[in-house]
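The two complexes that follow have subunit A in common; it is paired with subunit B in the first and with subunit C in the second.
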Partner chain A sequence: MNMLISRLIQAATVALLVGAATFAMMRSLPGDAAWRIAAGRYGYDNVNTAAADAVREELGLGGHWFPAFVQWMGDLLRFDFGVSLVSGQPVIAEIGHQLGASLWLALAAIGLSLLIGPPLGILAGLRPGGWLDRGLLVVSTGVKAIPQFLMALILILILSVQFGWLPAAGYGAGRHFILPALALALGLAAVNARIARDAMASIAAMPFYQFAQWKGLSRRQVLWRHGLRNVSVPLLTYLGLQFVMLVEGVVVIESIVGWPGIGHALVHAVFARDVPMVQGTALMLGLGFVLVNALIDLAVTRIDPRGAR
Partner chain B sequence: MTTLANNPPLNMPLGRAIGAVVLALVAGFALLGPVLVPGDPFAQSLMKSLAGPDAGAPFGYDHLGRSLWHRLAHALRLSPAIALAAVATAGAAGLVLGTLAAARGGWVERVLVILADALMALPGLLLVLIVLAIMPGTALGFWAGLSLVLWVEFFRLTRAATRATLASPAVQASRLLGFRAAYVFRTHLWPEIAPLMLTAAAFGTATAIMGIAALGFVSVGMRAPTPELGLMMVELLPYWREAPMALLTPVLATFTLLLGLTLLAGGQKQ
Partner chain C sequence: MMILLKRPLVAALFVLSFGAPALADNRIDVAAPFEIQSPEPSTSGHIFMRMGISETLVDADPQGRLLPGLATDWHVSDDGLTWRFNLREDVLFHDGSAMSAAAVVNALEIAKGKPGPISGLPIAAITADQDAVVITLTEPRAALPAFLAESRGQILAPAAYGPDGQAVAVIGTGPYQITELTPPLSLRATAFADYWGEQPHVPDVSYTAVSRAETRALMAESGDADFVFNLDPASVTRLSQSDAVQVMSVAIPRTLLIKVNAAHPFLNTPQTRQALSLAIDRAGIAQAVLRYPEGADQLFPPAMGVWHNDDIDPLQYDIDAAQALLAEQGWTPGADGILARDGQRFALTLTTYPDRPELPLVAAVLEQQLRAIGVDMTINSTNSSEIPAGHQAGTLELGLLARNFALIPDPIGTVLSDFAPTGDWGAMGWDSPELVNLARTLARGDGTDADRARIGAILQAELPVIPIAWYQQTLAVKSGIEGAVIDPWERNFGLAGLRFAQ
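And now, the complex of A and B:
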């Protein structure tokens, strides 16, 4: 219950911060914002002073900033994000469309990273100091030093330009998923693997784990019954933190491979100073993080009911 | 649960030393490179477009015939300078606010924690993008945006470390003896916090440099003709087949810089 309240406060603060930041952004736009919004609503050919004044009146753009800010936040709380200044479509509809594309990419990346990172990390953690452990440390340090956009660039040059195995950009078929998901997954796996390794090494050194081996269970059985559940707790906790890292990567990688997702839209919206779109997207990403974290907290309490947190 | 097992696989101080040496080499090149070989990062010479190295440009030329040696040296000054400025600001703010939160408690602490949590929920690049749109001047916008993102980590570390130390008998004794807050901070808190701060600063610098390069690469960060790592990569990308070495120079420079910082930070996230 306590957790729920603190998450709600967090969500409300995110909304307030995003609202304030995008309001400031709106006010700092070069040129007359009322004209730009009117143009966005009625089409560039239909804008006249009356339309611009109506918009100015409605959004309180002419007067003092405070009543305008209150109205802005009021709209935000009613989930009224307005219309995109560029496309003229309602922001909600556009985001709903893009969120799907981004979520699939994010899920593919997380899934792929979980296939690569934790198994290697667990194997390394079972024999701390072994050759796999040392090798993994070197490789994961190296991979972590490669920014995700650089990873995408390297993969594009190798997999699509050099060998022609995968399309460099595009969206639709399943094969379009592989390259961007892999670019995101490798960075995540580098972190995943280290966490799984450290957790496995500390669990394998604990008395209960060794007792399980003394009582005659095979290595495999010990790992299944006593190891994995304990390793999954720190992994899940980190998954929540990685979500932010993932979204950051998504913002950039979607732009590179032309993925019609939320990151691609965000970069374009910022470019075009399409404030309602920026606001809607930022709010979605922030609230998404709060939601994911809340879900992960719930999952962790289920896996590890000792209730440490 | 995330503590290292009894025998860490590699000697951590060794990793840190390698990181420091790598960073010193990069800084040496950025500062001394243009002194060793005089030249201009902006001077174009289309006759030399994508040409190989010569005496005036030891790394060859880019698509506009500009010396990659000099562009790289300037790029390796620009991003680290912005990153260090942002980390310094964020570190100072996080240190002050974190100590304040731990020492005062009450509503001061609650408000700061809520603010930090909310900022944690927003992707850093997103905040930087928004601040870049609000603040004119790209370097200034990057500095402000990155500071806003990075202070949270310093705040959380300082608050956690300070709270434990403030409750210790040593600090209580110090207070009973009548020592002031500044003395308590210097003798009890700072030695406790300093190593954490170094790690966080190295990670923060790496994050900032990655962010600047990533936004440069998708053309919403620095503007041409500014030499910037991400921007150089995206400019040279179309010529990767004719001049792979030209594309590789900013790529390798970025990797080396980030690797140095990752190693300096101690190889693992806390």
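And now, the complex of A and C:
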């Protein structure tokens, strides 16, 4: 319960900080907002003085920052995110749509990475210095070193263009998930595998683990009863940190494969100076980070109750 | 615990991966760079037009000749002020309502109140008269029908607009009607059974916005998209060798050019602008960056018909001549190889934007080519609006851009807004009373082809903008799809004319 309260306070602080920081950043960006918004709305062929003037008049831009800031924070407290300056649609509706798309992609990526990384890491950790351990070190370092956009392009070239198994880009059907999720998952799995391997190796070397084997349990039983639970604690904790990497990857991957997600929306909103969209998406990502970490704390407390207060 | 956690994930992934069967394809999937903002014609109308969902009163053929659209014919009074557009009979909107003159007036009035070509016209009134729409002007404008062919003048049903005039749905008259609109990236449409014209051959179409040119090319290559619009030069070369797609290209009325601030103390003589022009190796840029056979030797491309002037002296590449012209202007090489005059280095900033991926690449080549004559150019690749904003503020020095002279199917609209005498995307700090007169005469409808040729000659001599290359529009169509044509006016994908080969 204490933890929940502290997380709620944390969420409120994040909301305030993100709200203030995005407001300050959007205000201090160079360039005239009316022009940027007009370019976002009408495109480069049609952005001209008339369009910029129409935008300026419609939105009443260019006032003092303080009333605008007070209004934005007030709107925030009432969960009113306003309408997108570019599309004219309510920000909350756009975010709902985009957050959903990104969330499924992120979950699919995490799911795939957990299927790939930890099993390999645990196997490697059970025999430190073995061929799997050494091979995995090389492969995971190599995979981690490939930037995500390059990974996506490589996968498109191999899986879509060469073999024609998966669509190169697009959104809607289930098969559209595999390629971008895999591109994200491989990077995550490379790190997952290392964490799992180190955790497994250190646990396998501990006296209680040795004792479990000595008292006659099979290797499988030892791993099942005494290994996995212990390995999963650092793994889960690290998953919370990986969320940051995941968001970063989602931004890149979404623009490559044409995924209508929140990362894609954020990039476009920043470029078009669509302040309510930037504030809304940044806020959602900030709160998402708090939520994920709260959930992971809860899970870790259940798995390892020793630290619970 | 881990193992337990994994099971639902496995199940979820299994469903995700195989839940949707591969689509039996009787649908044309289009991929293009443009994002759908909303149902609003002033921002996304060009996509709905291209997809065959909405239509305009006036249509245009690939040569730019105007054709009947939702209006069957039009007439102008002798004083050039009153235009009467007779409407096509028995046209239904996608919601089943009839296209009445009142509905057309409503759509045009709303379009007039938003930024776009119609709002710039000298319109006194738009009224309904039985089955016709009458537009009265305060001064003659011969190109009025061409203005009505632009996508922002598309006719939507009254029910498509909210009380503030913003469109809330796309209820058009075209051969396809929207079944699913998911901004910003996709829409789906199906053939409209009550379409007034010929039924399309392909029953279903979809649109996906994919902003990266490389991804679009890969979608064409892997067969994910049947009709891919706007390919990057490198992909054209690669896709041309593929059996899976046919690559098509056509010259379009769009020019890659440098907008010059002619009021800038370094650039305020035609000789200096000619010197910069002489320093540009257009053939090199065209072949190495754009993969076109040749560069531009005047502003208006051959695709613009009578506007292209064959008698004009073509722009040349001659570094020695460029250096001689600059020396005449009092520029002498400084210690660092950069020209100087009165203690000032010849240093300029070129503003460009990455929305068109070739622009920053061309800018990088220009930086090298201008350095060869001692001009230090810094590239600022930023938001596209920085060019017109810099024009307004007077701070722009050089701008690299791709200008579309076919915003309406009559280039006079763009010539008027860019060069008579200046414009956000055209000339800056420059004035040619002769050109302004010629353009106004042409706009009234009194001009001749000789006047158009003269405009080309003035621009060639004065170089308020420095042309670099004429664009090719490229697209990839899946092999086995017939009937594809490229509309050089960028109004229509021509989906209704496509068919699958038997």
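As a convention for this text, the second predicted complex is superposed on the first by the 262 of 309 C-alpha atoms of A that agree within 3 Å, B and C clash if a C-alpha of one lies under 4 Å from a C-alpha of the other, contacts with A are read in each partner's own complex, and residues count from 1 in each chain.
We adopt the following convention: a contact is a pair of C-beta atoms (placed from the backbone, for glycine too) under 8 Å apart; a residue touches a chain by one contact, two chains touch by 3 or more.
Predicted, not measured: the structure shown is a model, and the values here were computed from it.
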item	value
Touched partner set for A:Ile256, first subunit B, second subunit C, both or neither	both
Touched partner set for A:Ala24, first subunit B, second subunit C, both or neither	first
First (subunit B), second (subunit C), both or neither touched by A:Pro128	first
First (subunit B), second (subunit C), both or neither touched by A:Leu112	second
Touched partner set for A:Ile9, first subunit B, second subunit C, both or neither	first
Touching partner for A:Val222 - first (subunit B), second (subunit C), both, neither	neither
First, second, both or neither for A:Ile178, with subunit B first and subunit C second	second
First, second, both or neither for A:Val300, with subunit B first and subunit C second	neither
Touching partner for A:Phe271 - first (subunit B), second (subunit C), both, neither	both
On subunit A, positions contacted by subunit B and by subunit C	153, 157, 161, 255-256, 271
For the subunit B and subunit A complex, residues of the former touching the latter	1-7, 9-10, 15, 114-115, 117-127, 129-134, 206, 210, 213-215, 217-218, 220, 230, 233, 237, 240-241, 251, 254-255, 258-259, 261-263, 267-269
Partner subunit A, residues of subunit C touching it in the complex	1-3, 5-6, 9-10, 12-13, 15-20, 22-23, 31, 34-35, 37-38, 40, 42-43, 114-116, 119-120, 166, 182-186, 208-212, 214-216, 218-219, 221-225, 353, 355-356, 382-386, 388-389, 392, 401-402, 404, 407, 417, 423-425
Residues of subunit A touching subunit B in the complex	6, 9-10, 13-14, 16-18, 21-22, 24-25, 28, 125, 128-129, 133-134, 137, 141-142, 144-150, 153-154, 157, 161, 191, 194-195, 198-199, 201-205, 230, 233-234, 244, 247-248, 251-252, 255-256, 266-267, 270-271, 273, 278, 281-282, 285-287, 289-290, 293
Residue ranges of subunit A in contact with subunit C within the complex	31-32, 35-36, 38-39, 41-52, 54, 86-89, 94, 97, 104, 107-108, 111-112, 114-115, 118, 153, 156-157, 160-161, 164, 167-175, 177-178, 228-229, 231-232, 235, 255-258, 260, 265, 268, 271, 303
